[in-house]
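The two complexes that follow have chain A in common; it is paired with chain B in the first and with chain C in the second.
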Partner chain A sequence: MSNANQAMAARYKNNFLKEIEEQAEMGEWVKMCMQCGVCSGSCPTNFHSGWEHPPQEIFMMIRAGKREEVLTSPSMWMCTSCYNCYVRCPRKLPITHIMHGIAEYAYRLGLAPKMQPTLHLSQTFWRNCTKTGRVNEVKLTQALYFKDGFMAGIKKGLEMKDVALGLIKAKRLNILEALGFGHKCKDQQGIQKMLAKARELEAKRKNRQVTA
Partner chain B sequence: MSEKKHAAYICSGCGLGERLDIAALEAVAKKEGKMQVVRTHPFLCSEEGVAMIRADIEGEGVTHAAICACSRRAKTEAFNFPTTAISRGNLREGVIWVRPDTEEARETTQEMAEDYVRMACAEVKAMTQPAGNPNTGTNKTLMVVGGGISGMTAALEASRAGYKVVLVEKTGSLGGWAAKLHRRVPTREPFKSPEDTGVADMVAQIEADPNIKVYLNATIAKTAGAPGRFKVDIAVESGPTVTEDIGAIVQATGFSLYDANKLPHLGYGKSPHVVDQSGLEALARAANGGVIKRADGKEVKSVVFVQCAGQRDASGEHLPYCSGYCCNTSIKQAIYFKDANPDVDTVVLFTDLRTPGNGEDFYRSAQNRGVIFSKGVVSEVVPSGDGLTVKFHDLILDDKNAQIEADLVVLATGVVPNSGVNIDALSAPQVEGQEAAGSEGTETGGEVKPVSILNLTYRQGPDIPQFKWGFTDSHFICFPYETRRTAIYAAGPVRRPMDIAQAIEDATGAAMKAIQAMENAGLGRAAHPRSGDLSFPTARLEGCTQCKRCTVECPFGAIDEDEKRFPLFNESRCRRCGTCMGACPVRVISFENYSVNTVGAQIKAVNIPDEFENKPRILILACENDAYPALDMAALNRNCYSAFVRAIPVRCLGSVNTIWITDALNSGYDGVMLMGCKHGEDYQCHFVKGSELGRYRMSKVYDTLKGMNLEPERVLDLEVAITDLHTLPKKIDEYTAKIQEIGLSPFKGF
Partner chain C sequence: MARKEYAFYPGCSSQKGASASNYLTSVESMCKTLDIKITEIPDWNCCGASISYAEAGELPRHVMNARNFALAEQHLPGQDIVATCAACWLGARESKERLEHNSVLMADTQEALKEAGLQIKAIPEIKHMVEVLIEDLGYDELKKPVKKPLEGMKFAGYVGCQTNRPFGIHGESFENPVYLDKLIETVGGEAVPYDQKVTCCGGALAFSEPDKAQAQIKDIIESAYDNGAEMLVTPCPLCQANTEIYQSQINKKYGTKFNMPVLYYSQLMVLAYGGTAKEAGLDGNVIRARKLEEFAAK
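Let's turn to the complex of A and B:
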């Protein structure tokens, strides 16, 4: 257990609902669910592996105090942000945002499942894009292809080779990006400064929540 | 009336003149109908046409008029001649609108029209204009039985409308259940917090109202008489019995909570910390806004509400129905805890949270306060240490072994109506455990036998009839406040489970209906659904065999027995359905304008073509409440049907006497279609039991058919609703085809 996780678990004891309400973004909405199940019925990732608990169940588990099970679950990470649940919820709960909020909280506590594809993509994308201020498409694709090992990456690359060649021909892909060339942001220092400031603000906000 | 003079009036407007041979119709009315005066008018319902009829009535002394124009349901205001007997030949909706305008259809259409003219002439000759019930009572005092929210509302509403009220309450104070509540579910925007019950205010209004006389600690010893002239003996505890003259009665006797002692698995009786909803109200009243404490004085830190405790039970052991108000009540009670101390853990375990009215907002406000709602079925509540463990099946997570600890458990047990004695069980053969003699409650084996509430002196039993699960019978869709006893209205939870807001609405409606009933009774007119009808049943007692079928079958308890055991009609209690007339095996019961004769004469008047013409004749006896309007509406939509049918409206299927059917088949009709309302558990019959009784009687007709060597298909019993306007013509055509398939009746020409 990470330190942050231990601290939170100790702080809220048995009241996981209160913990989510105060710590996770949009968590205050969880108590308003009326268990109709429209969200679960509307979710396009329903019946797919990895989707253990639909939103309705996640909300119920939070109320039932199943802390460990919820926070380590890959379910919230399976959300494709299609917003079907959000639109259909008769109680007008921002379900998509709540899912992201819980996922983010689990990540913050270090409980999010490692190598979960969505989580991996988010991290890879973020690192890639914040480096120069613009996405290095070739490097991003490489990172994603080789996620599950060298051979898997080669295989995927061969599978997609026609698409890649087409993109190059149409001047949609700069192969030189692999060597660090390609488009970048003009004021790279400025971008880094902005990001640092944002991080600082975020930390302050979360710190306030933790000590509140 | 000195001398009868019959007249027929034929309209040639609305296309009748173009589609029909009016001169031929005139000839039929004159020669076969034997009408002394026959007149045609191009627009009979116009001022001029009506003036023509009126001139005949006043100048020529016409006493009976057959108006051959449109359906009897149309132009009733134009053809309103109060002193003249009127029959209506339905040439428009009954003939031209349901027949195609083609050359080949012309002959059969004309035959149809001629038959309807014959029938109208025959009918009017057999009837007299009703003069109204002479046996009236004009008392306009309303008696309200029960001083709870419903009863107090009915009393106040009637008083505001200018009527005197006698309010009888069994206990020593007004207010009923509502007086025992700490707060009630909110009634106005924003529907977020429990509010004052308002009982004290209502009681003060009643005490200050000079129109309302209140009897506390009082019960009804006897109710005799009829609408407008009830005599009610009120037995007051430790006092003399008082007799009051009453015009109409509202029974608002409310409910009792389902006995939680029947729920030992939920811990009731095993632990003092398992209470029902009324138990929690008592704790909340004791706390009066402060922290709520248990019976042992300990502050409650966690509470679990168990919904549907002993309700919505499919096993048959407990109440099968939903009591409607308990979800909102549990929400309210959870808010009591949260408002006194937000740190109290409050969990509501429900299967379906049902929050009628604006309860949804209230539900949300409780969620906002942090009340936890979990979908689950409680299997057991067991004492553990100082508190309780609630074991339940979590339905969302499908966790069968879920459990919560709680200091206090509240059971939502639901309602049982206080509707008195079940008179159907009284008349039914004795079943084990049922009680026949009923008016005194005695305790045997823990079960309290029901005590009669009204103690009616009616032959049919001391209380108003019940429907399901002890709730009083009423026509759910159309006439919710009506009971099966005229001028006695049920209001509030005695009628169906409901909350305070609904009870107030219900009681207001019942008070209004009771006022109408008193006014109608004073004028000698029927109450709904034949509101304003002046006819009433009479019996030729010299022909009566004292079989008592009329007294047993009357759905409204209108017929008693006199000292010589003849039927004694109480006209004011009668709804004019004619069930007695249909039941009478010797056919001695009749109305002035509706009798075995008026319908029989129409049946005989129809011209039956001989067997070689291959034109079957099918008689339709259609209930005038649903089936006949459905036929009219089919006509309005120009939904055509066979020209071989002849429709006669009847007041109710219950008024159909089997003689009509045997007569029709004997005189050469090829088939009979009976069209009546749905009967049974979700009946639609406007007279509640009429269609059921009528159908039961008709089931015996098949023996007669066998005796006559006729196919059973010759009589068809059809359930028709007013919405069947599109399917009904098809059913008529199918039946006509079927009759042609089995062949024409062998009785033609005899």
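Let's turn to the complex of A and C:
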């Protein structure tokens, strides 16, 4: 068990609902779910593999105190941010954001599934875009392809060769970005200081250790 | 003076050489014809998109958007912000809403912004370019400059998710929004009815879960073909890229023969306003829209 996980498990003892309400973004909404299942029927990644528990099941499991099962589940990571569940929920729960919030919390505790591809994408994207203030699309793609090692990256690159060539031809992919050229903000220092402060304040508000 | 002025937030994908650079080309040309002045927010930054939720957390995400609000307020006072990307618009609007309704979050945001020498007084309104077109100008105004209606061409208006949910365009239904169909008809094209208009393309999961995303994209393109569409039209850079660039992979995987061009609404408008293929950014389409290239040359 990671230290953060141990500390939180000890702090909230047998009250997992309270833990989610206080620690996960929008977690205070979980108790409002009436188990109708519209969210599950509206999810585009439903019926695909990896979708262990639909949102309304996750919500009931939280109330039932199934801490380990919820926080280690791959389910939340299947969210495409399409907001179908969000607009259809008859009780107006911001389900998309609740799923994001639970996923983020599981990640902070070190309980998210290892090598989860969407978690990896989230990490890579945020680090990429905050480094200079703007996304470097080429470096982003490279980091994603080479996630499983060098050879796997080359193989993936070859599979996607035609897609990349098409984009280069259409002037929608600037390979010079690989060398650090491309778009960036001028006040990168200000952005770094601002984000460091934001992380500090967020940790303080949630009574957690500062991460990253 | 232009009839409307906006603080422009192009977003990372719409820059020169980036994956939606042809969107920017066509938007600039469209705005020129419509006498809309868009001024880039100086030194704007990434909105974080939806996908950064896990690594970013809550406050850092809002702070990134807040920086853009503060810069817009400072340099372009009194102007609404207009975004062309669905995710930029959604991210910015979500941050605006959260900050305005949560004084703790707002106070923390101000403290973080101070580190970059910025502050927020009042967050400007945040609009998607589509809202500028249909709410601030209106369909009648959009129709006036049409010189070459796109007669006899059939388009599937692919609205997708993030200009439609959770905020949506005012007065539209989440299940069957019609604004894109109306835009197509405004420039003389035919908007075909089809059942995948608001299906998700997979969004960022096209990278992390390609099989799932491509299954969805296949449904969208297939339905467009089945209902007689020749081209897809979208208001979102990620919808555009996902539904266009993966068609070859889908063909390999499913044995389909998809080859459907995917356009931005702004490209259609530029062409109908008499613009050239270059002004419409048609050279930026990976699946070339031959019919429109010929139309532009006429």
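We take it that the second predicted complex is superposed on the first by the 207 of 212 C-alpha atoms of A that agree within 3 Å, B and C clash if a C-alpha of one lies under 4 Å from a C-alpha of the other, contacts with A are read in each partner's own complex, and residues count from 1 in each chain.
The rule is short, and it goes like this: a contact is a pair of C-beta atoms (placed from the backbone, for glycine too) under 8 Å apart; a residue touches a chain by one contact, two chains touch by 3 or more.
From a predicted model like this one, the values you see are computed outputs, not experimental measurements.
In the three-chain model built by superposing on chain A, chain B fits alongside chain C with no clash.
Note on the composite model: angle chain B-chain A-chain C, taken at the C-alpha centres, equals 80°, rounded to the nearest 10.
Once chain A of one complex is fitted onto chain A of the other, the partner contacts of A:Ala103 are limited to chain C, with no touch recorded for chain B. Shared-chain residue A:Thr80: touches chain C; no touch with chain B. Once the two complexes are laid over each other on the shared chain, residue contacts for A:Asn46 go to neither chain B nor chain C. More residues of chain A are in touch with C than with the other of chain B and chain C. Of the two partner chains placed by superposition, only chain C is touched by A:Leu119; chain B is not.
In the superposed pair of complexes, A:Met34 makes contact with chain B only, with no contact to chain C. Of the two partner chains, chain B is the only one that A:Arg63 touches; chain C does not reach it. After overlaying the two complexes on the shared chain, residue contacts for A:Gly190 are found with chain C alone; chain B is out of touch. When both complexes are overlaid on chain A, the residue A:Leu17 reaches chain B alone and has no touch with chain C. Between chain B and chain C, the minimal CA-CA distance in the chain A superposition rounds to 20 Å.
Residues 25, 44-45, 48, 50, 78, 80-84, 86-88, 94, 96, 100-101, 103-104, 107-108, 112, 117-123, 125-127, 129-130, 133-135, 137, 141, 144, 162-163, 166-167, 169-174, 177, 182-183, 185-187, 190-191, 193-199, 201-202, 205, 212 of chain A are the ones touching chain C in the complex. Per the touch definition, chain A reaches chain B in the complex via residues 17, 31-32, 34-35, 56-57, 60-61, 63-64, 66, 91. Chain B contributes residues 353, 363-364, 367-368, 370, 372-375, 394, 396-397, 399, 402 to its touches with chain A in the complex.
Chain contact summary for the complex, chain C toward chain A: residues 12-13, 15, 17-22, 43-46, 48-60, 63-64, 67, 104, 108-109, 111-118, 161-162, 165-166, 168, 174, 199-200, 202-205, 207-209, 211-213, 215-216, 245-246, 248-249, 283-286.
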